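Presented below are the structures under discussion, each in the form of structure tokens.
Here come two complexes built around chain A, the first alongside chain B, the second alongside chain C.
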Partner chain A sequence: MNIQEFIENFAAQFDDTDVADFTAETKFKQLDEWSSLTALSVIAMVDDEYDVIIKGNDIINSETIQDLYDVVVKLHG
Partner chain B sequence: MSQLTINNVRIAGMSACVPSTVEDNRTLPIYKDENDALKVIASTGIERHHKVEPGTTASDLTVKAVERLLDDMGWGPEEVDCLAYVCTSRDYIAPQTACVLQDRLKLRSDCCVFDLPFGCSGWVYGMSIVSSLMSHGTFKRAILVAAETNTQNRNPRDTTVRPLFGDAATATALEFDPDRSCPMNFMYGVDGSGFDAVWAPYGGIRNPVTPEALEEKEVSPGVYRRGIDMIVNGMDVFGFAIKQPPRSLKELIATFNIDVDSVDLLFLHQANKFIDEKIRKAVKIPPEKTPYCLEEYGNVTSASIPLTMVTRCQEQLSQAKPKHCLACGFGVGLAWASMEFYAGDVKISDLVIY
Partner chain C sequence: MENNPFSLDGKTILVTGASSGIGQTTAISCAKMGANVVITGRDQGRLQTTADLSGNAVTQIVADLTVQADMENLLAALPPLDGAVLCAGNSTTLPLQFGSREKFDEMFDVNFFAPVELLRLMYKKKILQKGSSVVLLASIGGTHSFMPGNGVYGASKAALNSVMKYAAREYASRKIRVNSICPGMVDTPLIHRGTITEEQLAEDAKRYPLGRYGKPEDIANGAIYLLSDASSWLTGHDLVIDGGFSI
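Right, the complex of A and B next:
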């Protein structure tokens, strides 16, 4: 499990945003394409890829992709 | 692990009633444009739902559904020994709605009636409770109602719920029949730490109705609610729904040694297509064995599994050879339950429009 792979998995949930726009420091909720539906795709992706369920508050309290990655690492144990 | 096996009871008939007014997600006033609406439809599978007029209650729809069921079954109301009313949108704070229904439906005054205020898991819980009472052998005929008017306890200006939820009432006729019944198996689950994933914070005793609880506020851009309106925390519900229902069904399958290939039909609570498809794939049941009615009726809470059976499986379930079925209900509580049952020669009424 590494941040680069997480960023790629995260970016795959978006249809219109350029993959190059995603870095660990991307403030994902500020992306034009971000919506409540993208949030659900991210939750499903984290379940599929890392076998953990993140909460709504984990997304609400995360600003960057790195923040969310840190939550997943912690839950993954 | 709480599990239960019940013998000697079978599903004899089913009916459902939906209100005549249809709200189409493509033309809802809450979207910027149709493209926004189409995105929601694509990800949830929900295209429209039926909606009561203000003043019509779940029990009004229930009366129509039960009257049709009794007619079609040839059961007199005086022959019903038990009526259970699964619903969270009750007519009054007191009494229980089932008491009011006893009089409206002309059931006997010694009939055993009660409310079961479950949400989306309610039909499965209700099946286990009513069937268990009947398995003693003295109740010969019972009716399990699963009904809800979701459009009345949610805010129409709450964009997170309006496209998803609809109204419906269903009635399931159960009979004590040692000769023709097959065992029903149940597994239960609950996580009360998620009580606020789907909830109405005000209106109970902990947070009574105050003038503030009746004020409509914009809680996030474009989302308006009052304190008494039902809140659905979509992200938490989603996380729960992709984890616990598959686990519950897998526990059911393992505990009762179910051969998944022999399953004819999987009935899932009609939450949304994205969630339900994840559950279906996790238990490896093919799509042709997993009927949906959410595209037409939305999420109708506890009524969603019986409404699917009535509107999508009328012919299959009426055949003499019983179909091997699994069902899983999950949601508000958070509570969930899974069951294995057989259903054949079920008298399913045509859908009643209120």
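Right, the complex of A and C next:
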């Protein structure tokens, strides 16, 4: 697991935002395209790719992609 | 109360999924309406809680309906029934692009194959007596509502609704009625698992014309109607109880 791969997996849940716009410091909830369905897709992606169950609050409490990555790393153990 | 068409007095009713949520409340409500209730669920401790809250003689049978041996044990232990409410089920919130065969199988095993197999065998073995009434717990999801993220769950409930209608036609030869209840969001432990945050749930509840999510009692009362003689001429119906959400 590494942050670059995580950013790519994260970016794949978006349809209109340029992949190049995503960095570890991206404040993802401020993106125009962000929606509750994107949140569900991110939760499902993390389950799929990392076998980790995150909750809606983990997303609420994360500001940047790095923040969420840190949660996934911690839960992954 | 005399001449109450909604009474379940003297009827023997099976309730699955009786250890929590809608199943638990339905079991308790049926007992209070005079039924002899047989409850089943996976968790013995929580089944005991349901029995204690029922305040009536309740027969408990611990079973996981996705396990064949448990299904066989349950069928062997069941008395002749006047009714059954099949509540055992699960839910998931998953965008369709993540709905793998594995995810669909997990959902269909619990929400579709288990209740359909139980229904089939209760009929075949004539555990369901002539004139009995079966209630399947479906959902507005998959038939009346198609919210993003609910596809895997909704498809399993839509399939269940479909079997309900076929069973209503076929089982009418024994005057057995088969109906379903399609609830909107009901406040049970199932919806508080964290995929959807409490804030999102509170916001979503405001979208219901009657201003709130359902309570288990709202659904249990519908089940009592469908089980009772008050609905004697009703079969093959999917009763929507959703606070007006699907209008």
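Here is the rule we use: the second predicted complex is superposed on the first by the 77 of 77 C-alpha atoms of A that agree within 3 Å, B and C clash if a C-alpha of one lies under 4 Å from a C-alpha of the other, contacts with A are read in each partner's own complex, and residues count from 1 in each chain.
The working rule: a contact is a pair of C-beta atoms (placed from the backbone, for glycine too) under 8 Å apart; a residue touches a chain by one contact, two chains touch by 3 or more.
Remember, predicted model here, so these are calculated numbers, not experimental data.
S.K.: Could you tell me if A:Lys27 is touching chain B, chain C, both of them or neither one (first, second, both, neither)?
M.R.: In the superposed model, A:Lys27 contacts neither chain B nor chain C.
S.K.: With both complexes superposed on chain A, which partner does A:Met45 reach: first (chain B), second (chain C), both or neither?
M.R.: second
S.K.: After the superposition on A, what does A:His76 contact: first (chain B), second (chain C), both or neither?
M.R.: A:His76 contacts neither chain B nor chain C.
S.K.: Check whether A:Ser36 is in contact with chain B, with chain C, with both or with neither, and answer first, second, both or neither.
M.R.: Touch status of A:Ser36: both partners.
S.K.: Let me check the overlay on chain A: which residues of chain A are in contact with chain B and also with chain C?
M.R.: The answer is residues 36-37, 40, 43-44, 47, 55-56 of chain A.
S.K.: Using the touch definition up top, name the residues of chain C that touch chain A in the complex.
M.R.: Those in contact with chain A are residues 93-95, 97-98, 148-149, 193-197, 199-200.
S.K.: Inside the complex, what are the residues of chain A that reach chain C?
M.R.: 36-37, 40-41, 43-45, 47-48, 55-57, 60
S.K.: What part of chain A is in contact with chain B in the complex they form?
M.R.: For this pair, the touching residues of chain A are 35-37, 39-40, 43-44, 47, 53-56, 59.
S.K.: Show which residues of chain B lie in contact with chain A when the two form their complex.
M.R.: 39-40, 43, 160, 233-236, 238-240, 242-243, 274, 278
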